[in-house]
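First comes the structure, then the notes that go with it.
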Amino acid sequence: MSLNARHLSCIRQDRLIFKNISFSLNSGEVLWIKGKNGAGKSSLLRIIAGLLKPIQGEILWQGENVKDDPDIFQNQFRYIAHQDALKPALTGTENLRFWSQYFGTDNVPAALKEFELERIADVPTGIMSAGQKKRTNLARLIACPAPLWILDEPVSSLDTHYIALFRNQLVRHVKNGGMAVLATHQDLELDFIQMLDLDAERGKS
Amino acid sequence: MGSFFSLLKRDIQLAVRQGSAFTMTLSFFVIAVTLFPLGVGPELSILARISPGVLWVGALLACLLTLDRMFQADFEDGSLDQLMLGSMPLEIMVLAKISAHWLTSVFPLILITPILALSLNMPGEGIGAMILALLLGSPVLSLIGAIGAALTVGMRRGGVLLSLLVLPLYIPVLIFGVAAVEAAIAVLPVGPHLLLLSGLSLGALVLCPLAAAAGLRLAVD
Amino acid sequence: MTTLTEFLGMGGYGAFIWPSYGISAVVLILLVAFSLRRLHRIEADLIPLEQNRKTRRQNKSTKEGAAS
Amino acid sequence: MAIDLHKFANPARFLRITAVIFPWAAALTLLLLGIGLYFALFVSPEDYQQGNTVRIMFVHVPAAWMSMSVYSMMAISAAVGLIWKHPVADLSAKAAAPIGACFTFLALVTGSLWGQPMWGTFWVWDARLTSMLILFFLYLGYMAIWESYDDPSKAAKAAAILVLVGAINVPVIKFSVDWWNTLHQPASVATMDGPKIHSSILTPLLIMGTAYMSLFVTVFIIRVKAEILNRRLRMMRLVQLED
Amino acid sequence: MGSFFSLLKRDIQLAVRQGSAFTMTLSFFVIAVTLFPLGVGPELSILARISPGVLWVGALLACLLTLDRMFQADFEDGSLDQLMLGSMPLEIMVLAKISAHWLTSVFPLILITPILALSLNMPGEGIGAMILALLLGSPVLSLIGAIGAALTVGMRRGGVLLSLLVLPLYIPVLIFGVAAVEAAIAVLPVGPHLLLLSGLSLGALVLCPLAAAAGLRLAVD
Amino acid sequence: MSLNARHLSCIRQDRLIFKNISFSLNSGEVLWIKGKNGAGKSSLLRIIAGLLKPIQGEILWQGENVKDDPDIFQNQFRYIAHQDALKPALTGTENLRFWSQYFGTDNVPAALKEFELERIADVPTGIMSAGQKKRTNLARLIACPAPLWILDEPVSSLDTHYIALFRNQLVRHVKNGGMAVLATHQDLELDFIQMLDLDAERGKS
């Protein structure tokens, strides 16, 4: 599997966020997108996920332009955003079960187990602590498996124990042939990592 | 299809759990219709005369009340992004949301209408026609509403637009709906009006999900 | 016989009087029944907890007794 | 140091007193209902205007009285609960609400069953009938608030606020017949200058009224006891968690 | 006082910027009232007969529409926590929110009422009374609404409750408001009704902020 | 100045979160509250801020119980929560100006400068990046000065540059006689720090 980006540029609200970003990512690799606050990390991830249209450039999956045939990229990735995508009125299990049904996968019990959520899985997510919500959100990666993980600050508000736990999940995912695009300010000390520094890119041009 | 039903199920579950949509429109409808006799006075003949109009307007307004949350809640908590990444076409996703809206916010109104109609002294012939007209015509309310909801989701001036966009489009339903009931009360044929309402529903069923999906694509950008 | 039918007819108003009494009876009986059922359920739920607490208290006091 | 659970202290005295009252109240209810129904259905004469339909009065009027009294009692309990933070006060308001809602429902239903022969319609939108309907909504809202909060102490406060605000409706119902000219007839029993109706109707009416009152007391005791035990149940589950 | 006006100013600014409250109620009101002739039919005599009721009910419902956001938006984004930490008493803070609600969501309705009243064929004598009655009575709508909004903020079943709690309490305003207009139309003295409305407003002004503040304290817990 | 907590216990939804927490904090000190996700850090901070009622225990400010005389503690602290308390439709400046007027203080230009927000201060906060929002939120500490800062994960989603910048602000605040209660998973490497480990406290009893 491979993901390629070619000459991506992004304008939001008449401001050029970044231009001419390219990278290529293969199975077993992680791309770490670095950059200051406001550098455009989240914007780039949204472009990869197809939620935001780049002003220029293209994304290739397995060498094919995802615009030409959106089906091939459909359901091939999972996107973890700043926001939780959890319904406060539903419990953790109910939320995860919905998403796994929606994405046509089913791995909820394993997900709960991996993220040590069993004890709190039946609490409405609305009254969970910040870190508990984040873990429930991350558990979606296991509950609905997909080869590419797009991760926007996955470890914010996790404690050290769970950061390590998540890092292990990520390493295992990549070892098993998966891949990930990761934007975070905290160094997860991964091998197999490629770096893309948006600040440096901006300097280049 | 699995995705479709899972989304439908979740939205209904949420409505039941939060009670927001479910009983909100219902109590709004009941109370709005209850307020009318208080405002207009208890004369039975006048009440009977205006009852089809009051019930239809009440249903329209009650439906409008929940429209703005149709996509807004999902947008705010990031669920909309995720919903758009599923493998089912966006139009079908929208249709699932619309169905959930109709089932949770509009259908209960129809169930309670007979009682309200009785309390407004509507003649018995009218009540049957009222129910039929609502069943056939009310899907239009959710369908057209979805366009407004999608176009205004995440928009800074959403509220205004939504009612401005949607209510004018509701007028045909209102007119044919009332006409059907009044025809029934006057013992005239109701069929043509009901046919028109079904036609509106079918047309809306085809067009509205397309338009709403296009609106949503703009919103997440 | 006529008196019974007369009585039930209530001078032509039986259709309004009997439902009034009937519905009053049904609602009030249901009210009593549900209230009692709820009370009994809660009492049943309490029993194991009360026993639990008693045994724990005893354990504690025996432990403390042993310690002193 | 253990958590101070004094707040949740078991209002044992209340339970002890009610345990004494309960059998008497239950017996009185049955007795009075028996006598009252006998008078209402067999002894009391037909009204010269309303014919036999006047018999509906014996279930309609006591229910209407109770619906307002119970609400007033809830308002007082709620105020006591808010001001003196007396735990039993909140619980007694909560326990009374469903009973009051039942009485209100019965007043509405029997009233409209009476309305059809008398006024020719089940329902009119006059002030008294409407304010009764509102009272019913208020009861429902009160019970819904208790359901909506997970935390009982919060729910108690929220519900108390609501019930106090809604209390303005009670005088509106009571005096609506005097303030607006309505179809419904004005008070003839509980008036300033004493009752205005004939004793052959007044006696069974008062008996039924007392019967409804003692029925309320009976059910109320059951429900308060359930609430108190339920609170103890929650508390003990909490203690279990703590260890 | 600085805090009071800064909060008032911000809420008005937000309403203008987002357009949500401001024009939402307004357009809802206009459309609801214009829907009526469509639903009831264009007979002038009937319209004139029901116009005070329709206008009052429309205003009530439009006001209800924006109530649930009164504290909800602040609750969701954490502003409510901060607002409760200011140095002014919570009751005054609530009063600022209520004033903002009245100014942005209710006052515009009053401005547009004469035009709508004319379109409903209300007699000239009634229109003046209608405006006066609205000016004196409508603060009650925001004030009582605040209690409902505060009690249901952050609640899982908020929506239902809000209208269930609030609308029954609105009924006295509706009844006296309509009575004032009908008295004016019948060339009877309007004064007593207007006095009653002012009395309601004053009573609510004293009681409602207290109750709403108590409700809010529960919500942030 | 001094802040004391005595025997605080907290129950949420019938679950005991922590019990019998005491600490005392003086001018020039920082209290770092540590604990796993869900340990009750945010709950403790809300209790200190007076937003949540403890089931037991009391808070003293200058030795006086804040319950007896709420006025003394009024406006003596600033609370930074997980949530932003920013209105998306208003710009950063407008948001800050509102809060500073509301709290009866006025230091907005300085706040914008300290948190390097000048360039983006006139953008509606709704379209800011996660870090930009967080900085605007933190700028409230300067815009509305107060002796006690109550900080719930103040540096989540900040980049390293801004973490350092915030750390400097905190050090300066404390050096000038201020004090702070801080819950965070990232070590800010401060001196003058007191630790309160909720996990250890739980173990104790």
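Letters A, B, C, D, E and F mark the chains in the order given here, with residues in each chain numbered from 1 onward.
Criterion: contacts are C-beta pairs under 8 Å (C-beta built on N, C-alpha and C of every residue); 3 or more make two chains touch, one makes a residue touch a chain.
Only a predicted model underlies this, so the values are computations on that prediction, with no experimental measurement involved.
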Which chains contact both subunit C and subunit F?
-> D
Farthest chain relative to subunit B (centres taken as mean CA coordinates) | F
If you tally the C-beta contacts for C-D and for D-F, which one comes out higher?
-> C-D
Identity of the chain that, by mean CA position, is farthest from subunit C = A
Just curious, how far off is subunit B from subunit A if you go by their C-alpha centres, in Å?
-> 37
The distance between the C-alpha centres of subunit B and subunit C, rounded to whole Å, is 42
Where the centres are mean C-alpha positions, what is the separation of subunit B from subunit F, in Å?
-> 45
Which positions in subunit A touch two or more other chains at once?
-> 82, 88-89
List, in ascending order, every residue of subunit B touching at least 2 other chains.
-> 17-18, 31, 38, 41, 76, 156
Can you tell me which residues of subunit D touch two or more of the remaining chains?
-> 130, 137, 151, 237
Would you mind writing out the residues of subunit B in touch with subunit D in their complex?
-> 31, 34, 37-38, 41-42, 44, 47, 118-119, 121
Listed in rising order, the residues of subunit C that touch subunit D in the complex are 10-13, 16-17, 19-21, 23-24, 27-28, 31-32, 35-36, 38-39, 42-43, 45-46, 49-50, 52-53, 56
Which subunit F residues qualify as touching subunit D in the complex?
-> 7, 9, 11, 13-16, 19-20, 55-56
What does subunit D use to touch subunit C in their complex?
-> 41, 46, 51-53, 55-56, 59-60, 63, 98-99, 102, 105-106, 109-110, 113-114, 116-117, 215, 218-219, 222-223, 225-226, 229-230, 232-233, 236-237, 239-240, 243
Please give the residue numbers of subunit F that touch subunit E in the complex, ascending.
-> 46, 49-53, 74-75, 77, 79, 81-90, 94, 98-99, 101-104
